[in-house]
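Have a look at the structure that comes next, please.
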Amino acid sequence: MYSFICDYSEGAHPRILEALVRSNYEQAEGYGEDEYTRKAVELIKQRIGNDNVDVHLIPGGTQTNLTAISAFLRPHEAAIAAETGHILVHETGAIEATGHKIIPVKTEDGKLKPSQIKTVLDAHTDEHMVKPKLVYISNSTEIGSVYGKFELEGLSSLCRENGLFLYMDGARLGSALCSEGNDLTLSDLAALTDAFYIGGTKNGALLGEALVICSDDLKEDFRFHMKQKGALLAKGKLLGIQFVELFRDNLFFELAEHANKMAGIIRKGIEREGFGFLTYSPSNQVFPILPDRVIDELQRNYSFYVWAKMGSGMSAVRLVTSWATREEAVSAFIEDFRKVVSMYR
Amino acid sequence: MYSFICDYSEGAHPRILEALVRSNYEQAEGYGEDEYTRKAVELIKQRIGNDNVDVHLIPGGTQTNLTAISAFLRPHEAAIAAETGHILVHETGAIEATGHKIIPVKTEDGKLKPSQIKTVLDAHTDEHMVKPKLVYISNSTEIGSVYGKFELEGLSSLCRENGLFLYMDGARLGSALCSEGNDLTLSDLAALTDAFYIGGTKNGALLGEALVICSDDLKEDFRFHMKQKGALLAKGKLLGIQFVELFRDNLFFELAEHANKMAGIIRKGIEREGFGFLTYSPSNQVFPILPDRVIDELQRNYSFYVWAKMGSGMSAVRLVTSWATREEAVSAFIEDFRKVVSMYR
Amino acid sequence: MYSFICDYSEGAHPRILEALVRSNYEQAEGYGEDEYTRKAVELIKQRIGNDNVDVHLIPGGTQTNLTAISAFLRPHEAAIAAETGHILVHETGAIEATGHKIIPVKTEDGKLKPSQIKTVLDAHTDEHMVKPKLVYISNSTEIGSVYGKFELEGLSSLCRENGLFLYMDGARLGSALCSEGNDLTLSDLAALTDAFYIGGTKNGALLGEALVICSDDLKEDFRFHMKQKGALLAKGKLLGIQFVELFRDNLFFELAEHANKMAGIIRKGIEREGFGFLTYSPSNQVFPILPDRVIDELQRNYSFYVWAKMGSGMSAVRLVTSWATREEAVSAFIEDFRKVVSMYR
Amino acid sequence: MYSFICDYSEGAHPRILEALVRSNYEQAEGYGEDEYTRKAVELIKQRIGNDNVDVHLIPGGTQTNLTAISAFLRPHEAAIAAETGHILVHETGAIEATGHKIIPVKTEDGKLKPSQIKTVLDAHTDEHMVKPKLVYISNSTEIGSVYGKFELEGLSSLCRENGLFLYMDGARLGSALCSEGNDLTLSDLAALTDAFYIGGTKNGALLGEALVICSDDLKEDFRFHMKQKGALLAKGKLLGIQFVELFRDNLFFELAEHANKMAGIIRKGIEREGFGFLTYSPSNQVFPILPDRVIDELQRNYSFYVWAKMGSGMSAVRLVTSWATREEAVSAFIEDFRKVVSMYR
């Protein structure tokens, strides 16, 4: 049984484990004030090409989202998110638990458009309603789609004109930035968003996300918020060491490229058999729409999610690859896929 | 420069790193539903000798406290804690941020007594005041003292008679249970408290605390609270693997014993020179009261906190040992201590 | 300029003011422990015909909703509401500010159906999502529609089968219960819901809502929640006196009947000219769809909200009547309406 | 049985009731956007002599405190209050329920001193602790003491030097400003605090407090916070009408003077018999320390709180007067007091 369930099935890239072993007995300052964390922050800033950002290392994605968004908003302010947005659906009301409403927007492909945000603003007219203040986007999105530079510029302009913060959930940012057709860089993100995070957990780390705060207005006292939300690890160097490994050379991007390459093989293999997809997804998640019989048969040897019933005996499934996905496993899957499909034709 | 600053300066016990390396490419279920986590939970239950508890693995201590306490209390209910309690002082208002007041109690040695809790209950008479509902204690406490079985039984009885939950912060539980004179077992804790946690971060793990929920009333839906507070790691096996190593034999207790032994050497070395201590502390934290000149001199080669100014040119300092503290370093410290003291005499 | 903007434009029914004057110098216990409040609670229980309910008097509707819902739910639990629900749209995120998500449901007429709730339950499958726990309905709804007994029984059954609380916002409950075709009684509400409130502010009082808690599970310590949320008036008798007047005879219902009657005249007058309505609304809110030119002309002499642009030069407007609406004003409005319509035909 | 329990036993000053009757059928805008509220705000600004303040009318004191403080603070920021402070003791954790810790300070007389606040600031050194940001004081205090101008200037300077907001709870501000020896004016308060409120409920109104926001930084979007916390009354004119009556001439101050005069008679009558007081209290609350036997006897005909057991058969009691306290009742009380005392001598 091989798993395409998610991109956090395996542990960490071996270089990360080696670095942990190597540094194990060094005594370090706690709570992210150690040399490794300092070095990681430095490397990330260099990669972004912008020294005027704050970088914080946080154990997980939900924690990053809830710590950042609750720090950025006043009590009456709300976030806007796509209906598929992770914070809206799969974080057990973590944002609302900090007191903030999330305004859902129906989208076609998981991506928000300026016009949709404008519609929300127009509908929120007075103090009887929350004040929309932060736009939450994911890149890549929860359904695998990826923002282009032109799209992000449009969102950024609209947000700045209307006093909104633009926040990007980058749980799968590596995959997005390495996907075919991508024209965004980390540097662009620092210029166009107010804050974003670079996901480590889903791209080679044991755990860890690097939150980048770009807007000066949002930087003050952020470590207080981290501590209050339980996001300040005592052994902070655990995160520092990992991000040093990911960013001291090109490792972070190489891992993402591998994941994307594996997903691409799957996508092409499925396309070749004539099946379509839920959405155009050039990143490490693929959502083919397949006959239920085919799905049942495949699930004997492979694990993956059935994402949505599409009617007429068809369902969309989600196949996820990662830095650790083995090329032989992918080839075997496509092989098996062809067999199963031909069997049911 | 050798550090006695805290018990989270180093990484993890080598067996833990080896287990991480060994299991690295295994594909596991996410979010703590993997085999390692299941095994860790099983081992902890066995060690407690009680199958009717729920065990959850959580990345850090503040997160464990805030997730548990906010899950256990209704909005108008409050916690009672010693004035020195970690949740009251050093968690940046994490509990209040979830909506709950903490009622402080002045203590002599960091430990709460039934009579003190009774006084709080008597003072809270109607709906214009919060309703005290949970008693928070730390074992060992923030100033190194340790609860005895008789003391815990007293607290437990009082809590049960008055409908209060008894919750024990066990960030340093290993050290407490292995301290000289301790007569409590994990099994006692499960019988006498409603919930407690077994600290991994400060006793050999990279990160991780094992929350044990003993009272049936507090068990329902706990994983929802974990997810909502960002306490559910995607790669949950990272915690599972560590607790398996700590509890598949006696490692957890051996590490704590080592830390205590190192602290004992320091304590005796300081006593021998005729100095006293802030509090009686048989665990891995020692709080000697020393002349400021001696402290300044020691700080050239050793790092540790100055805990409190005591007047007359004296201060209490905090020296902390851990599973990783080297015996030679401790010996060297005591040697240097003697020299410095004799110099200033 | 006559206002049909809302049902809280005027003060209180004269009997209420007289009672305030009469009792002014009596010394009363504070915080709702006075004789008037006790009497009001008694009268409401009698009217409900059920002594096993708790009744609390609270200054306003938003406050009642936020106090009740936050008291009833645990942190990970969510409310379900129609997309038009007052708590979802017009309370500035008051429920979310207490930590709870509201799950929106698209409806045709502002009323929730069991099947829609079932769909929400089916979509919430695990701890990565909030746990739906409370169904919020309004009667009459925000767009004037009214629940029938059969409908409420359906909701009640579904809620009980699935462990959900059923909560009814009764800001306009008087009008609902006195509307044409209504077959619900206060007694039914106590039997079918877990809690509901009887709106005073919009039916003859200066301020005040009577929250009725029917389910034993939700009663404990409710006054603590009221105090914590600022819902316990020092001069609580102010609310008690008003509800005594409203319920010591039939006044509450007479006032609602008057409001409905006035709305009925308007509705019929508009129908007679051949116009339709946004929704079937037998209560004291009427939502005719009129030509924008007609609306502009009417607004010279009457104030009311334009509710929604309908396209093709038509808009839905909201006309609200109350216990204080004068019949001559209504007649004059219909007269003017006819003139304006004929002018633009 | 005559009550000296509190200053909210009776209704409202007759002029207020007359104004309510007079305006009853006027149609007004809802939610505080009516002419009466506008007029009240204008009158209060004139009385303060400062047009650059924002004034909001809010139903009750706890609600004013929780709405203001939660609007003013970011999540990691805390309030500092005297141990006797109303928000700390008698509001059921209302401030903590909005997420903020209150740091208690032990005082002698219920008043905070700059040096005490400095001590708190010095103890809060890093992000592991909350950030003290707002100083909460009450004037008059919960034990009847009153701030002088020199004291308030000291607090104000310290707060400004340290970036703290100074907030005054004025539930009994009328009495404080009219107390013997007072040298503060409303104008001073606007200059020295960042926000304060003028209590109506305890000084002649049915309900209502006027929050004055002085600091520009705290003004933005305040009505959103009011709505979210349920503090925006639908029939907002109810508050407007009352504050117009209190401030269109000297009524507010005349009522407070009466209350103080009544308290003065009680104080002097008790002093004359040789008894002392818990604290120096020139306002409308008096806290004599009396023999328990005397207290028991007095309680046959008068109701009042026993405030604190003082030992040796003595207790402090609280006697409160108000705008409505009758001079004959006070004279009778002192007469009876003398008799009881002589009986037990």
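The first chain written gets the first letter, and so on, giving A, B, C and D; residue counts start at 1 in each chain.
Note that a residue touches a chain if its C-beta (ideal position, glycine included) is under 8 Å from a C-beta of that chain, and two chains touch if they have at least 3 such contacts.
A quick note: this is a predicted structure, and the numbers were derived from the prediction, not measured.
**Student:** Can you name the chain that lies farthest from subunit D, using the mean of each chain's Cα atoms as its centre?
**Tutor:** That would be chain A.
**Student:** Can you check which chain pair, A-D or C-D, has more C-beta pairs in contact?
**Tutor:** C-D
**Student:** Where the centres are mean C-alpha positions, what is the separation of subunit B from subunit D, in Å?
**Tutor:** About 42 Å separates the centre of subunit B from that of subunit D.
**Student:** Approximately how many whole Å separate the CA-defined centres of subunit A and subunit D?
**Tutor:** Spacing between the chain centres: roughly 51 Å.
**Student:** Suppose each chain is reduced to the average of its Cα coordinates; what separation in Å results between subunit C and subunit D?
**Tutor:** That gives a centre separation of 34 Å.
**Student:** Give me the residues of subunit C that touch two or more other chains.
**Tutor:** 75-76, 91-93, 97-99, 127-128, 130, 224, 227-228, 232
**Student:** Please name which positions on subunit B make contact with subunit A in the complex.
**Tutor:** Checking each residue of subunit B against subunit A gives 2-3, 5-6, 8-12, 14, 17, 20-21, 23-30, 59-64, 66-67, 91-94, 97-98, 201-202, 206-207, 224, 227-235, 237-238, 324.
**Student:** Mind pulling up the subunit C residues that touch subunit B in the complex?
**Tutor:** The touching residues are 31, 70-71, 74-76, 98-99, 127-128, 130-131, 221, 223-228, 232.
**Student:** In their complex, what parts of subunit C are in touch with subunit A?
**Tutor:** Where subunit C meets subunit A, its residues are 75-76, 78, 89-93, 96-102, 104, 127-130.
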